[in-house]
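Scrolling down, you'll hit the structures one after another.
Below, subunit A partners subunit B and then partners subunit C, in two separate complexes.
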Partner chain A sequence: MGIAEILQKYGQNYAMAIFETLSMTLLCFVIAMGISIVVTVMRVSPIKPLRLVGDLYVQIFRNIPGVALLVLVAYALPNIRIVLPWKTCVEVTVVLLASAFGSENFMTGINAIGVGQIEAARSIGLTFTKTMQKIVIPQALRSAVLPMTNLLIATMLTTALGSQVPLNPQELTGLVSYITTDSTGLGILPFMISAVCYAGFSFLLGLLGNHIDKKVRVLR
Partner chain B sequence: MSTQTPVIELRHVDKHYGDLHVLRDINLSVHKGEVLVLIGPSGSGKSTLCRTINRLETIDSGEILIEGEPLPQEGKALAQMRAEIGMVFQSFNLFAHKTILQNVTLGPIEVLGMSKAEAEARAMELLRRVGVDAQAAKVPAQLSGGQQQRVAIARSLAMQPKAMLFDEPTSALDPEMINEVLEVMVELAREGMTMVVVTHEMNFARRVSNRVVFMADGQIVEEGTPTEFFDHPKTARAKDFLDSIRGH
Partner chain C sequence: MSAHTTSMRDALYEAPGPRTRRLTAILTIVSLVLVCIGLALVVRQFYVTGQLDAKYWAFFAQWSTWAYLLEGFLGTLVVAVTAAGISLVLGVVLMLGRTSPIMPISVVSRVIIDFFRGVPSLLLIYFFFLGLPTIGLYLPPFWMITIPVSLAASGVLAEVFRAGVNAVPKGQTEAALSIGLTPGKTMFKIVLPQALRIVIPSLISQLVVVVKDTTVAYVVSYPDLMQNGRVLITTHDSVVSVYLVTAIIYILVNFAINQLSIAMARRSGNPIISRTTENPT
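Moving on to the complex of A and B:
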């Protein structure tokens, strides 16, 4: 079977897998951004216990391999009576990983702001919350566009963890295992199709990221 | 003048950074309309003193009173109080992602609760006063250092402060830009603004200040009128210091 035949037989599956991969990516990324903002605000807050919790969160989830984290979520959580659908397990794992890295990106952005602007904000009477809202977060967001683009791509690639659990429909990587067991003798062709999809989307996201960065970048 | 409540009053203020005793029993009053120049060797605690006045730094003991009222502890009240004392930093510290106009309107809108239209009208007026109104739509990185510092002054003024602190406002500037900033400060002094200025610009000190306070090792060593201090310093430390900045 050549590419044409594979696509003819499994085209529908690929289309659904692309949709699964992209929709999981988008959902996970949006939630991860929300969590990383919260975690980052905790990490720079004047309240020490909050800072500790934030730092701990990042240290834990940044340093566990994705597969190990998925195993924990899928097979350890049921021990404490938390049984999640397979897809949710994958999404939770991806969100935990991505939010830890996301917070690191924001921290880099915040460190670039420098203490001077924050002091200036305080000296005109802005409270901690307002300083965060008006000065720190907007600048951290803008200077995080490029690293966050990379994180978005990494998030997409991480949804391939979905191949480790039974999903229906499958995402792009899981589909490859399905096809190679369904029809034998296809070699790496089914994988190549998925790989081209990943690479193509990564490329487009990269372009989009560069475009946004040019528009919002903070001149220094 | 001395019968009035001082705008800023420090009583027996002490502060340590670990083992370093940066402020030692500081007693200082600044009255309404007074321009006080704070001078002293590097590391003597001038910046720290300024920063304690609007509580960017805490103190270990003593009292700081603004118009007779003690500085509140943390929280919203303190933030409000900070707004009453303007601060101009050596490194300008303009908000990099906001336009010049937004830099000046942010405080009035967010802290004073002013409407956007009113804040903008007043900001344009202030920017005109400091001579950078033509740059209102630009971002800070597009301005020269001197222009940025004048915007920083306008940003402080927009809060209608009771007093302003200047921490070496011209020492990060190229020489040709120093005067444009000093002129703005001279003008402010003439209009009666209460000012504490850390600076080594002796001409400025002589022209506009009422009093020079000389600090060394965290202590106020000597104070007097500019003429007294610059022409007839009383202490050996002040003499040495003046020699060093005059390049002897």
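Moving on to the complex of A and C:
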């Protein structure tokens, strides 16, 4: 079977899978950004227990393998009576993983500003709020563009975890394993279609991120 | 602020006055109480659902359980080390291709690098597990997991190596060429050895990604830590405790690798180049 027949038979599945992958990516990334801002604020706050919780959160979720977290959310949580729909399980997993890396990116952005700038800001009489507002946050956001682009791409690749639980409709990776078992003799073409989609989206997102970064980069 | 302030987190605040200190103390206590309540709720949920029962945890007191998990961990280790080795070689080859002055080689290498960086490792694993058999190519489970993990890592490593090569001062190349070394000799004798030293911390931190990718080995039924954990679950009928313990083992191992890479980076003064810091295109 050639590529035309595959697209004729499974074209709609692919379209839906692409939509699933992209919408899940976007949703997870936005929520993860929100959480990573909260976690980062906790980590730079002067309140020790909050710092500790923030650091622990990041260390746990940046070091746990995605599959190990997914099986905990999808198969262990029901045992303590927390039952989530399959799709939510995948989304929760992706958000937890992405937010840990997001917070790391923000911390790197903040650390790159340098103590000297804060001291300079204070010596010209800026208050804490003004220092944050005028010095820290703008620079941290600008230098976070490139890492966050990479995180967005990584988030998309992480949604492939959806292939490990029964989703309906499936995302791009789960769809391929479904098609390959559904009809034989397709060879490696179904894989190539999904792979080209992923690689294409990664490439486009990379271009976009680079473009934005060039405009807002802080030259040091 | 005092001169020995080192971290940005501390530099953000002025030396607190009595009122701020009191406020901080109150908030500290409040947040501590909230954290404790949160923990207590989690433990309570475990308790009321019976997950703290001895039958779910007793088998962790037996040596055979740990021996079995250790066996799985060794499986993980073998896959991770083999994949790391393959991806190192592939990464250098792809980087050399990408920086090659010969246009077609450079373009092809770039496409390969972007492809492996832009595709989920799970899809690669399914390709080797489900895709290749459809065209009559059957690999042993070990290679069905190791090859895709290596390929996924090699794309990122190629970019890490490229950053390393770029970090070697241009004068080194110019000096080498001017004393009559060929471009090839310049690369292998002068630039690459220095670039390798620069990227050592980054290579160690990439090991974490490789270890994480190996967890999908159960897809191809290769006995790694995760797969052996799943077997334990069926023999002891205990999902929560086993998955928790395996997850904690993975977290500790990856944490240790990360700390090692941070320590190496600090000692050598070379930054950690990772997927998140490299240029995406």
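Of note:
One rule holds for everything that comes next: the second predicted complex is superposed on the first by the 205 of 220 C-alpha atoms of A that agree within 3 Å, B and C clash if a C-alpha of one lies under 4 Å from a C-alpha of the other, contacts with A are read in each partner's own complex, and residues count from 1 in each chain.
The rule is short, and it goes like this: a residue touches a chain if its C-beta (ideal position, glycine included) is under 8 Å from a C-beta of that chain, and two chains touch if they have at least 3 such contacts.
The structure presented is a predicted model; accordingly, all values stated were derived computationally and were not measured.
Which of subunit B and subunit C touches more residues of subunit A is settled by the count: it is C. When the two structures are aligned on the shared chain, A:2 is found in touch with neither subunit B nor subunit C. By the touch criterion stated above, A:219 is placed in contact with subunit B alone, subunit C being left untouched.
Shared-chain residue A:64: touches subunit C; no touch with subunit B. In the superposition on chain A, A:119 contacts both subunit B and subunit C. Once the two complexes are overlaid on chain A, the subunit A residues touched by subunit B in the first and by subunit C in the second are 113, 119, 122. Those residues of subunit A lying in contact with subunit B across their complex are 113, 116-117, 119-127, 130, 134-135, 138-139, 142, 218-220. Residue ranges on subunit A touching subunit C, taken from their complex, read 43-44, 46-51, 53, 59-60, 62-69, 71-72, 75-76, 79-82, 101, 104-105, 108, 110-111, 113-115, 118-119, 122, 128, 131-132, 136, 146-147, 149-151, 153-154, 157-158, 160-161, 163-164, 172-173, 176-177, 180-181, 184-188, 190-191, 194-195, 198-203, 205-207, 209-210. Against subunit A, the residues of subunit C that register as touching in their complex are 1, 5-9, 11-14, 16, 24, 27-28, 31-32, 35, 45-46, 49, 51, 114-115, 117-123, 126-127, 130-132, 134-135, 208, 211-213, 215-216, 226, 239-240, 243-244, 246-247, 250-252, 254-255, 258, 275-281. Residue ranges on subunit B touching subunit A, taken from their complex, read 54, 56, 75-76, 79-87, 89, 91-97, 106-107, 110-111, 139-142, 152, 155-156, 159.
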